[in-house]
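Working notes, beginning with the structure itself.
Letters are used for the chains, namely A, B, C and D, taken in the order the chains are written, and counting of residues starts over at 1 for each.
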Amino acid sequence: MIVVMKPDSSKEHADHVISLLDGMGFSSCLIESAERKVVEVLGIAGSFDNMGLENAPMVDKVLPEAGPLLAASRRPGEETFQVPLGARATVGGTKLAVIAGPCSVESRAQLLEIAAAVREAGAVALRGGAFKPRTSPYSFQGHGEKALEWLALAREETGLAVVTEVLSSAHVELVARYADVLQVGSRNMHHTPLLRAVGQQEKPVLLKRGWSATLEEFLLAAEYIMVEGNHNVILCERGIRTHETYVRNTLALAVVPEIKRVSQLPIIVDPSHGTGRNHLVTPMSNAAVACGADGLIIEVHGKPAEAWSDGEQSLDLGQFRLLMQGLRPFAAASGREG
Amino acid sequence: MIVVMKPDSSKEHADHVISLLDGMGFSSCLIESAERKVVEVLGIAGSFDNMGLENAPMVDKVLPEAGPLLAASRRPGEETFQVPLGARATVGGTKLAVIAGPCSVESRAQLLEIAAAVREAGAVALRGGAFKPRTSPYSFQGHGEKALEWLALAREETGLAVVTEVLSSAHVELVARYADVLQVGSRNMHHTPLLRAVGQQEKPVLLKRGWSATLEEFLLAAEYIMVEGNHNVILCERGIRTHETYVRNTLALAVVPEIKRVSQLPIIVDPSHGTGRNHLVTPMSNAAVACGADGLIIEVHGKPAEAWSDGEQSLDLGQFRLLMQGLRPFAAASGREG
Amino acid sequence: MIVVMKPDSSKEHADHVISLLDGMGFSSCLIESAERKVVEVLGIAGSFDNMGLENAPMVDKVLPEAGPLLAASRRPGEETFQVPLGARATVGGTKLAVIAGPCSVESRAQLLEIAAAVREAGAVALRGGAFKPRTSPYSFQGHGEKALEWLALAREETGLAVVTEVLSSAHVELVARYADVLQVGSRNMHHTPLLRAVGQQEKPVLLKRGWSATLEEFLLAAEYIMVEGNHNVILCERGIRTHETYVRNTLALAVVPEIKRVSQLPIIVDPSHGTGRNHLVTPMSNAAVACGADGLIIEVHGKPAEAWSDGEQSLDLGQFRLLMQGLRPFAAASGREG
Amino acid sequence: MIVVMKPDSSKEHADHVISLLDGMGFSSCLIESAERKVVEVLGIAGSFDNMGLENAPMVDKVLPEAGPLLAASRRPGEETFQVPLGARATVGGTKLAVIAGPCSVESRAQLLEIAAAVREAGAVALRGGAFKPRTSPYSFQGHGEKALEWLALAREETGLAVVTEVLSSAHVELVARYADVLQVGSRNMHHTPLLRAVGQQEKPVLLKRGWSATLEEFLLAAEYIMVEGNHNVILCERGIRTHETYVRNTLALAVVPEIKRVSQLPIIVDPSHGTGRNHLVTPMSNAAVACGADGLIIEVHGKPAEAWSDGEQSLDLGQFRLLMQGLRPFAAASGREG
């Protein structure tokens, strides 16, 4: 059971609720975040009786569980949030937002060539890994701050917003200095200290679904960010782990219309990780748009066969241009602007 | 290792190959179907040496494994097969084929009402279960032959082709007498006697993917049908079983473009079972068409809340009409005729 | 909702219930099996009101769902059923029952050699495939009746009971003529016509869990057999399909104690298919016994490297002998006789 | 491709290798950890040619991939590592090590009562969460340092080693000050900054498998810890996420003998999270020991029905005592000391 305190309640108000509960024989604890004070009643399962707590001073409401107070939940009649992608674009509005770029930032020249090409083809943001989460400690871990500098340079040259992953709470400030959007990757969706840390800074956050996360866990990960005060969260479906072997992951597109129904957060799709196969990226991009995705994030490389990581799923520059052209009628059919 | 005999080879030719192998110390066996004689060499793992067998009389070729001789495989430069859906429609050509109707045939009146409505909305075939594969023996198992008669009547009244499931080899002849297309359900995709039985009759077969089948198992199930002489197989993706709980199944749409790449068989999508949720059927239908599906099979019911089975995933008549209208721009974007 | 009729009720009694329901505006249908007449009320979801039907003649009880009347359910205080394995052994009692033998029956000599060896090592039954369910139609499909004859011969020579798979309803009578126990394989767990067919004959049935079946589906498959009058069902856990790749299947052993809790049917474990790896068979056999399995079914071959199927998971004769010796202390620790 | 430098090589030696590669047209990068310098050659897929690099100064060896140099790999003929659990016990030797305690440390009194009871029953270490990784930000997040103090007090009173989770790199130093073993939970198995951080301190690490991690990913997570210099890693299987619903997770016990085969790290099992059901904990503990587990970690609570978290899977004090007694014959059968 959850006792939600009013926004301007003090710690004393919450302590009063805790002492009332104590008098009734219940343990409880105060859970504070930048946005909310909540008292959770502990050690009771299932049955719900609000115990008259709604009359205590500065109590907002008493709920059997946290669900209805999620910042990530849809409020009836309201639109999807529009989250800024740098200064010139947003995701969540009527325009489809495409983010593209290499898996890893490999060199200044590589990045600038790709950035120019994806800009030309219609992307509004550039992705590129500076800090790479690798399965093996003996794999390339990213160029770090040097890569961030090149990303900033590419933004300057092309006007593209910069989206890049932050792996560690210790790097949040550094990455936020260069990037327009901080990405939290699938491997870290459950790492709550990082979620809180990106919630405590001001740049928008691109949150990828963990590859075996439920929908509820995905939304609660967004909630961890939002309770710290940052409501600019972009959700991203990138495939789940199943028994299928002809793909790297199973792209679970039904999550797109389901999120539209239950949440106001924008949702984009990553067909590159979501399939792991170059030849499936374009058809699954079309499908993602057709079922309502607000945008796409796509891996593009000048020479996929020589990419330092994820070459098998990267499009080359020409393929990406064709993808962007092919998307237009699907975007139009979905009621989106070219 | 597989020794493929020429089409007009005799049993003696195959026996000769078997005795040659015997002389070399290998066990082997003849595997015959209506379409092919194949000698499998047994008890050898991995390494491949054709042992000069290609010189034996009437041997077509010697292959390390069955893959390359699949009837279900795509031959370079050839089009997707067009499989007839009754007298007036096909699946696999440029026109999107939509099959619709109730999960279970409940009554004559129910069926005729739905048939007229889905015909009006643009469906080309009627689905409806006469024999139902139910998890519990205490659930309604279908009206059997009476339902088949009603389906035939609905065809007469509307011109729709009839698609209905056959559960058992013993019913193949009966169902084939009434239906235009015999459906093999997910639960039976691995039941090879039924696959052979539908391969030995002349009506086209709609083969649903088992809910945990790999792509290879799916295509080999089609092959079981095709080796018996029936090449009119329509594949159907209907969702796989995963950890997700907000849906009944995870619709794995990437299988659509992958099948287009590796097989000439047409592929349709079942967004009703593939999501299990009424509100997800329409967006996932759009997505299926956008990634290349040749058609859809959709559960429709006059009053979903009172359906005898699968009410939660059935569209009502008005919802289905809207779905069909909404599909048009996506079909057009995919290069398909209205 | 389910109206269960009394054992000696007639069709007229059930029709009376159906007409009462009709008068109240509800559709319903009679579901008959050898053991039970049940009237299912259709098109109602969730809410339950017995509508006074318990007063109609020959009605036994009215239940919201089928669960509580499962023949497969445990009745408080009763023991696990003991199912005969041929004339001399049972499964489900205090003695651990081990079934062993080759995946495929390859030849008379192969089978007799293995039978003698597994008998010597302590097995009570011989397994061996006469009809093989293969993923590819170009793989060896079994020696059929000839293999059944060899199995019968092996029984004569060793006294072992014979366990062999029946793939098709059409073969039930044939296989039952030779075998002591009819196996229904994982691929066929959902094929209800075969379940009914083995329920209508008298030999015990070994029912393997489908590789993505839920526990409930597994028990309801047993129920399909039992409602036809055959209560001699042995359940078998053989691994489920997951994301794991170092094994062929994930052996889900917790199903063993869970089945002990909810059902009186004996449960055995197949560590050969359940792991797919020779070196994991022995430790997982120990684990299966430790968590309460009533028996094991294990693939054994004279020369696993030359086996016609499943060589990677077969033990050789010496390994099987060691496994049997090693099992003893675990059986004893589990309160079972050597 | 990986060029492994000799232990006493300098950065200059590695730079020389990089410049040689550069001269041949290959990009490469230096990956340094406390234990190793490795040069990874980038943008080449598959084919392997060592390019004569083994002759460069201070190069140890050139490998096509990292596998063979894993610190976590088993060296032929060597024993499982024995990792200390505080001053008086180890895991990985002949004695079975049982860690027990509450999911969350709730209060001083609760903890001391449980500690005394599990000590009495035979446990060698106390578990208890001070920092809790919760799915919802509105759930109790742990008492933090206060709980660490109580854990240290419980150690003083009982002699039990203290095992507790560290959620964040920022807390590693704090937790290491109180705990004997630092636990990295399933949600964080992929969070490499935390793995590196616990690798850079001296306390042993209990690493839980991610609930959808492959075996390879699990071992490489251990490798991230080990390359930083800390070889005292205890692996823990705690169940994977599958389609099964009667359990919270599917306990995949075959990983135990597989890890014994490929790694020298000790492996323990968590049957509490691995099943999520109180009544399955004891049988699955027996099974874990029977297939070779070096130890167990079990949730125990004075009043499970009132536990602040995970009550459904916690044993009460009496149940834990019975579990410990029941384990003895299985431990003995596995060749372990009582």
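One rule holds for everything that comes next: a contact is a pair of C-beta atoms (placed from the backbone, for glycine too) under 8 Å apart; a residue touches a chain by one contact, two chains touch by 3 or more.
Please read these numbers as outputs of a predicted model, since none were measured by experiment.
Student: Among the chains, which one keeps its Cα centre farthest from the Cα centre of chain C?
Tutor: Result for the farthest chain: A.
Student: By residue number, over half of the contact pairs should agree; on that basis which option among A-C, C-D or B-C is the same interface as A-D?
Tutor: B-C
Student: Whole-Å distance, chain B centre to chain C centre, using C-alpha means?
Tutor: A distance of 29 Å separates the two centres.
Student: At what distance in angstrom does the C-alpha mean of chain D lie from that of chain B?
Tutor: 46
Student: Taking the mean of the C-alpha atoms as each chain's centre, how many Å separate chain A from chain B?
Tutor: Chain centres of chain A and chain B, defined by C-alpha means, are spaced 38 Å apart.
Student: Give me the residues of chain D that touch two or more other chains.
Tutor: 212, 241-243
Student: Which residues of chain C touch chain D in their complex?
Tutor: Of all residues in chain C, those touching chain D are 212, 214-215, 240, 242-247, 250-258, 261, 274-275, 277, 279-280, 283-284, 286-292, 329-330, 332-334.
Student: Which chain D residues qualify as touching chain B in the complex?
Tutor: These residues of chain D touch chain B: 212, 241-243.
Student: Looking at the complex, which residues from chain A come into contact with chain D?
Tutor: It comes out as residues 2, 27, 29, 31, 33, 38, 40, 42-45, 66, 69, 106-107, 133-141, 167-170, 187-188, 190-194, 211-212, 216-217, 220, 223-224, 227, 241, 305-308, 311.
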